[in-house]
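Notes for the one structure printed next.
A, B, C and D are the chain letters, set down in written order, and residue numbers restart from 1 in every chain.
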Amino acid sequence: MKFKFLMGAVCAAALATGAAAEGVKVGMITTLSGGGAGLGIDVRDGFMLAVKQSGRDDIEVVIEDDQRKPEVAVQLADKMIQSEKVDVMTGIIWSNLAMAVVPAAVAQGKFYLSPNAGPSALAGKGCNPNYFNVAWQNDNLHEAAGAYANDAGFKNSFILAPNYPAGQDALTGYKRLYGGDLAGEIYTQLGQTDYAAEIAQIRASGADSVFFFLPGGMGISFLKQYADSGVDLPVVGPAFSFDQGILQAVGAAALGVKNTSQWSKDLDNAANVAFVESFQAEYGRLPSLYASQGFDTALLLISAMEKADVSDADAFRAALKAADFASTRGDFAFASNHHPIQNIYVREVIQEGDVFTNKVVATGLENHSNAYVDECGM
Amino acid sequence: MTEPVLDIHGISKSFGAIEASRNVSLDLRPGEIHALIGPNGAGKSTLIAQIAGALAPDAGQVMLNGADVTALGTVERARLGLGRTFQISSLAMEHTVLQNAVLGALGERGGVFRFFRPIMSDPDLLRTARAALERVGLQDHERQRTADLSHGQRRQLEVAVALTLSPKVFLMDEPMAGLGAEGSQALTGLLDGLRTEAPILLVEHDMDAVFALADRISVLVYGEIIATGTPDEIRADARVREAYLGEEVA
Amino acid sequence: MSAVLFIEQVLNGLQLGVMLFLMAAGLTLIFGVMGLINLAHGSLYMVGAFAAAAVAGATGSFLLALMASLAAAAAAGAVVEVLVIRRLYARDHLDQVLATFALILIFSEGTRWIFGSFPLFLDIPAVLSGPVTLPGGIAYPKYRLAIILAGLAVAGGLYLLITRTRIGIQIRAGEADREMIAALGVDISKLYTLVFALGAALAGFAGALVGAIQSVQVGMGEPVLILAFVVIVIGGIGSIKGAFVGALLVGMTDTLGRFLLPGLFGLMMDPSAATTVGSALASMLIYVLMALVLLVRPTGLYGTA
Amino acid sequence: MTRERLVNAVILLGLLGTALGAWAMDAPYTITLATKVAILALAGVGLNIALGLGGLVSLGHAVFFGIGGYAMGILASHAQSYSPILTTPFVIEGTKSMPVIWLVAILASALAGLVIGALSLRTSGVYFIMITLAFGQMFFYFAISWPAYGGEDGLSIYVRNGFPGLNTLDPIQFFLICFVLLALGLGLTARLARSAFGLALTSARQNAARVQAVGISPYRLRLVAFMLSGMVTGLAGALYADLNRFVSPTMFSWQTSGEIMVFIILGGVGRLFGPVVGAAVFIVLEHVLGGLSEYWHIYLGALLLLVVLFARGGIIGLVAGREVAHD
C-alpha cells in the first residue's frame, strides 16, 4: 500500500524529474500490516513528525508496507529504485528484511538510513559508506544488559532467546560483557507462545537472574507466565519487550523489570522533552522507542540536507557522517562503521496512573560503540 | 480333465467374530462359465475381493495359471491376466468411452510412464480399444463422455475394458445388475461367446442368466460353498433348495 | 535433572495437551459430523480471546470475559456456518481448504481493523494468580492447574453430551449416516449449525483461557490451528477419543522434547551447538511424530478409513 | 475447447505484452511485476500437475518452492564468497550460472518429492493434505533454526545470477527467461496431460480401482506425478529467489503453500492456464487493493470466497465456459 505525503507545496517540476536539484525523495519501506505493524507505524509517525516540524517543502516521502515479508520488501525496494527513483531509503524494522534490501540498495548508490535494524553483517564485513544506522547495532542493548548484570552483582544468569539469528546474536551480545556464570542457556522456538517448560527449567536451575530476548508477542507471553509462576528472580532484557506499545498488553507483570535502551521518554534533554510533547499532541499517544528512532532518522536526514545536496553524494555522505543534529537521546555520533556511539540506559518499568511506562534508573554503558568496527574496512 | 485356470483353495477370512469365508474352494476350467450364486450376505463380495487381490485371506491359496498369487495385490493379479468387472460401474466418468477402453489397452500393453507422445493417437492402442468396443456394441459411442452413458452402456463398457486386457480369466461381479430384460439378454449373448476366449467366474443374481449360461454353478451360503455342480445338479440339490431357494421364498 | 522438574514438565505437557484438546475437539467434531475441514478454526480461537480481553477490559471480570468468549465465538461460528460453511459440506476438501483459508484472511484483517495492531491485555483473575505448592514440593501456577481441570471437565462434559444426550445421539447418527438422520426427521441444517457453533465455542473458550497467559493478538490462532490439526490427524480425524489421546501425546512430545533434546545433544557436542540443534529438532518433533503415526496407521490412531 | 484456447493465447500474449509495453515506456517495476506473475504462475503450473491432473491436494508445495530458492541461495552464496560447498570427499563449488542452479533445484526437488511423496501417498484425503502440511512445517522450522545458511534472516545475493549470452540484470531479459520457462512448463504440462501417463493419472483421480483393475498401480502414478509437480515448482522457487536476489524460510511457510493453491483456484482448477490467470489476478489485486486500503486482505479473502462458492470454474471458467472435464 502506498501513502504519499507531500509536504507543503511541492512544485510540479520537482515531482516530474523525481530527484530534483534541491529536494530529496525518500523511500520508506516499513511494516504497516500484520504482526509487528505497531513498530512500523511508530517509525513512520516519528519520521513524519520531524519532517513536518522542519517546515521543509522539499522532502517527498513515499511509504510502502512490507507486510514483514522479506521478498515483499525486496520488490518494494526495486520499485522505489526503478520507478520512484528515490534518493534515500529508510524504514525497515526487521534485521532479516534489512539484510534482504540494504546490500542491493546501497550497491546501486542509494543512501540507506536504518531507523531500527542493525544486523552485525552490515556493521562488520558488509559495512557500506552509504549505510547509516541511527538506532543501534543489534548487539548494543544486549551488551548493555550484560554490563548491567555485572553492576547489579548477578553471578549466575539464565539466558534465553528464540532460535534464529537475532536470538543467537542476543545471547552472544549478553555474554560479551557479562562476567558471571550461566545457569542455563535455552533457544526457544520462533513464535512460541507457551513458556511453561522454560520457566520450569529456570526455577530448577538455581539462577540468580534471567536475561531474555523475546520480541513482540513472545515477550508478552513469557512475562505474563513468568510473573504468574512464582519465580521471582530479577529479570533484565533489551527494551523491545518493554516498549510503550507493548507494555499495556503485559500489564503489571512487567513492573520492576529492568531493560536496556538508548532512549527513554523521561530523558532530560530539550530535544526529547519537545519530541515527547509534540508526539503526544500530534498522535494522542505516548511515543515509543521506535517513534524516537524514526524521529531521529528524519532529523539526521534534514541536518544533512542543510549542509549538502543529495546529488553530490560525497558531500551528502560527509554531512550525514557528521550527525549534526539534536538527538532525542542526547549525545550522538557515528563510529567509523556508521553505527551510533551513544549511551545505553537501564530503565525500569513503572506505572504512572493507569499507564505502564519506563523510567531511567542507571546508565548501562557510556558512549558505547560496537564490536564490529574493526571488521569494517571503512 | 484339463488344469484349472483359476484355483481357489481352502480360503478363510473372518472379520472379528464374523466368518465371511469358510474354507472356500472353487476352480475355473478353460472354456467354462462357472457361476457363483448365493443369497445376500453370503460373503460373495468378500470372496471376490480375495480373488481379485483387494483383500488378503486369513488362510488358503489363490492359484492363477498354476502360479500362487495369494500374496499379490490387485495390480499384479491384473497383470497376470485377471480381467475384472465391478458390481458398481467403476469407470473414469469424466473420460470418453474410448479413453476408458484405451486405458485398458494401455494396462495390457504396459508403458504407462511415457510423458510426451499423445496417447489418443497411438494406433496399436486405438485398434485394441476399438475392437473391444465393437464387440460390446459401443462403437458408435466412443466419443461420448462416460458419465453420459446409460446404465446398460456402462455395463457394456466395463466388459469392453476387461476385453482390452486379453485376460486369461474373467472375474465378473454382477454384470447384469440393474439391466432391463433386453439388456440382460444382449449381455448374456455376449458372455456366451466369451467363454471360449477365457473362462468366466460369474457372480450373478439374475437366475435366468445364470442357468442359461453356466456350465457349473457353486452355491455360497454363510461363507461356505454348500454345493458345486451343473445347473441340473444344482436344481436338484436338496441342500440348495433348502438353504437357498427356501430362503428366497421366505 | 530432578524428579520435581520432570514432574513439573509433565504437568506442563498435560496442560498444553488439554489446551490443544479444546481446539482439536471442535475440529474433529466438525469433520466427523459434517465432513468439513475448517482452517478458520484458529480464527474462532482468536475471536474468543479478543472478546474476552475486550470484556475484561470493560468490566474487570474474568468470569464475564470467559462467558463473552464462549458467546462471541459461538455466534461468530454460527454466522459463518449459515453464510459460508454450509455451502461447503457437499464440496471436495480442496474447496473447503480454500474457502476457509479465505475466512482466515477476512477474520484476521477484520479483527485488526476493529482492535488495531497492538496486542490486547487480558489478565489472570486474582484468585488464580501465583503458584500453589503441590505434594512433593512442586510449586506450580494455580492458573495452569485450573486450565488442566477446566480442560478435563470439558472433555468429560463432551463425553457425556455425546453418549448420554439426545443431541449426542443425533451427532453420532450424523457421523454414521447423514441421509439416515435426515430421514428420521432431525432438522439436519439446524444440527450442523449447532455442532459448528459448539466447536467454535470450545475454540473461543481455549482462546480466552490461553489469552490470559499469552498475548492476545491478530494471528494468534494459526500456530495453534496447525498444532490442532496435527493432533486430530494423529488421533484419527472424526474421533473425539483420538483427539484427546492425540492432544496429550502432542502436548507431552512437544514439552518434553523442548526440555530433553538440547540436553541429549549436549552429551554429544558442545553446549551452544547442542542447544541450537536440539531446539531445531524439538520444533520439528511433533511433525515427525505425526508422519510416523501416519506411516504405521494411515488413518490415525482411532480413525476409520 | 477452441474458446479456451483463444482465452489461453490472450492470457499469454497479455503477459508478454504487458512486459514489453512496460519496457517500451521505461517502467521497469511493471516488468518486475510481470516477472513475478510468470514465476508464481510456473509454481502454480507445477502444483497443478499434482492437484489438477492427479487430484492430490498438497498443502506442502512450499517445500519445493523453498528448496528451489535455497538451491539458488546456497550455490550462489558459496560462489559469492568463493568458498566451496563441500571439500571432502570431493570438492563442490558454488555457482552463479542459472542453468546449473535450475538443474540442481529440479533434482533436489525431485528427490524431496520422491521421499515426501513415497511417505505421504500412503495416506489419502484429509490425511494427505495434513501430512503434506506437516512436511512443509518440518522444512520451515528446519530452515529457521539451521544457522549455516542464515536461518530466519535468509540469504542475500548481491548480484543476480547469470545466463550465458544474456544480461539478467536487465529486467526485460530476466522477464523473458522466466516467460520462456513458463511457456515451456505450460507446453510440457499440456503434453503430459495427453500422454499415456496423463490418461492413467487422470483416470486414477476419477477412479483408482479401475486403474488397478487394468494392472496399473495408482501409487506409482501419483508418486511420479508428485515428483514432476515438485520439480516444476522447485524451478519456480529458484527463479523467484533470483528475482528477489534473496531467499528466506518464508518460502517454506504454509501460507506460501496456500497462496500457490489460491492461484490455481482463482484461475480455475484443472485448467492448464488457471495458475497464470490466478497469479496475475493475485498480483494485480495486491497492488490495486493494497493502494486502496491497509486491510486489503479482507477484500482478497472475500474475492477468494466468492470464487470458491459461486464460480467453481474460476476466472477461466467464467470467460471460457465450463466445458473442461473435471470432477
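Here is the rule we use: a residue touches a chain if its C-beta (ideal position, glycine included) is under 8 Å from a C-beta of that chain, and two chains touch if they have at least 3 such contacts.
Because the structure is a prediction, the values reported are computed rather than measured.
Asker: Quickly list, by label, the chains bordering both subunit C and subunit D.
Answerer: Neighbours common to subunit C and subunit D are A.
Asker: Which chain is most remote from subunit A in terms of Cα centres?
Answerer: So the chain farthest away from subunit A turns out to be B.
Asker: In angstrom, rounded to a whole number, how far apart do the mean CA points of subunit A and subunit C lie?
Answerer: 35
Asker: Between subunit A and subunit B, tell me the centre distance in angstrom, where each centre is the average of that chain's C-alpha atoms.
Answerer: 75
Asker: I'd like the Å distance between the centres of subunit B and subunit D, where a centre is the mean of that chain's Cα atoms.
Answerer: Roughly 43 Å, centre to centre.
Asker: Can you compute the centre-to-centre distance for subunit B and subunit C, using the mean CA position of each chain? Integer Å is fine.
Answerer: 49
Asker: What are the residues of subunit A that contact at least two other chains?
Answerer: In subunit A, residues 33, 163, 168, 187, 189 touch at least two other chains, as defined above.
Asker: Return the residues of subunit C touching two or more other chains; collapse runs of consecutive numbers into ranges.
Answerer: Within subunit C, residues 109, 112, 276, 279-280, 283 contact more than one other chain.
Asker: Hey, what residues on subunit D touch two or more of the other chains?
Answerer: Answer for subunit D, listing residues that touch two or more other chains: 141, 144-145, 147, 295-297, 327.
Asker: Could you run through all the chain pairs that touch each other?
Answerer: Between chains, contact exists in these pairs: A-C, A-D, B-D, C-D.
Asker: Using the touch definition up top, name the residues of subunit B that touch subunit D in the complex.
Answerer: Listed in rising order, the residues are 52, 73-76, 78-79, 84, 86, 90-95, 99-100, 102-104, 106-108, 111-120, 122, 145, 161, 164-165.
Asker: Of all residues in subunit C, which touch subunit A in the complex?
Answerer: Counting only subunit C, the residues touching subunit A are 2, 4-5, 8-9, 12-13, 15-16, 109, 112, 117-121, 123-124, 129-131, 139, 141, 143-144, 210, 212-220, 223-224, 255, 258-259, 262, 271-272, 275-276, 279-280, 282-283.
Asker: Considering only the defined contacts, which subunit D positions touch subunit B in the complex?
Answerer: Against subunit B, subunit D makes touches at 191-192, 194-200, 202-203, 206-207, 209-217, 221, 224, 228, 325-327.
Asker: What residues on subunit C touch subunit D, complex-wise?
Answerer: 31, 37, 84, 87-88, 92-95, 97-99, 101-106, 108-110, 112-113, 226, 229-230, 233, 237, 276, 279-280, 283-284, 287-288, 290-291, 294-295, 298-300, 303
Asker: Quick check on the complex: what are the subunit A residues that touch subunit D?
Answerer: That would be residues 1-2, 32-33, 65, 69-71, 74-75, 78-79, 82-83, 95-96, 99-100, 103-104, 107, 119, 163-166, 168, 187, 189-190 of subunit A.
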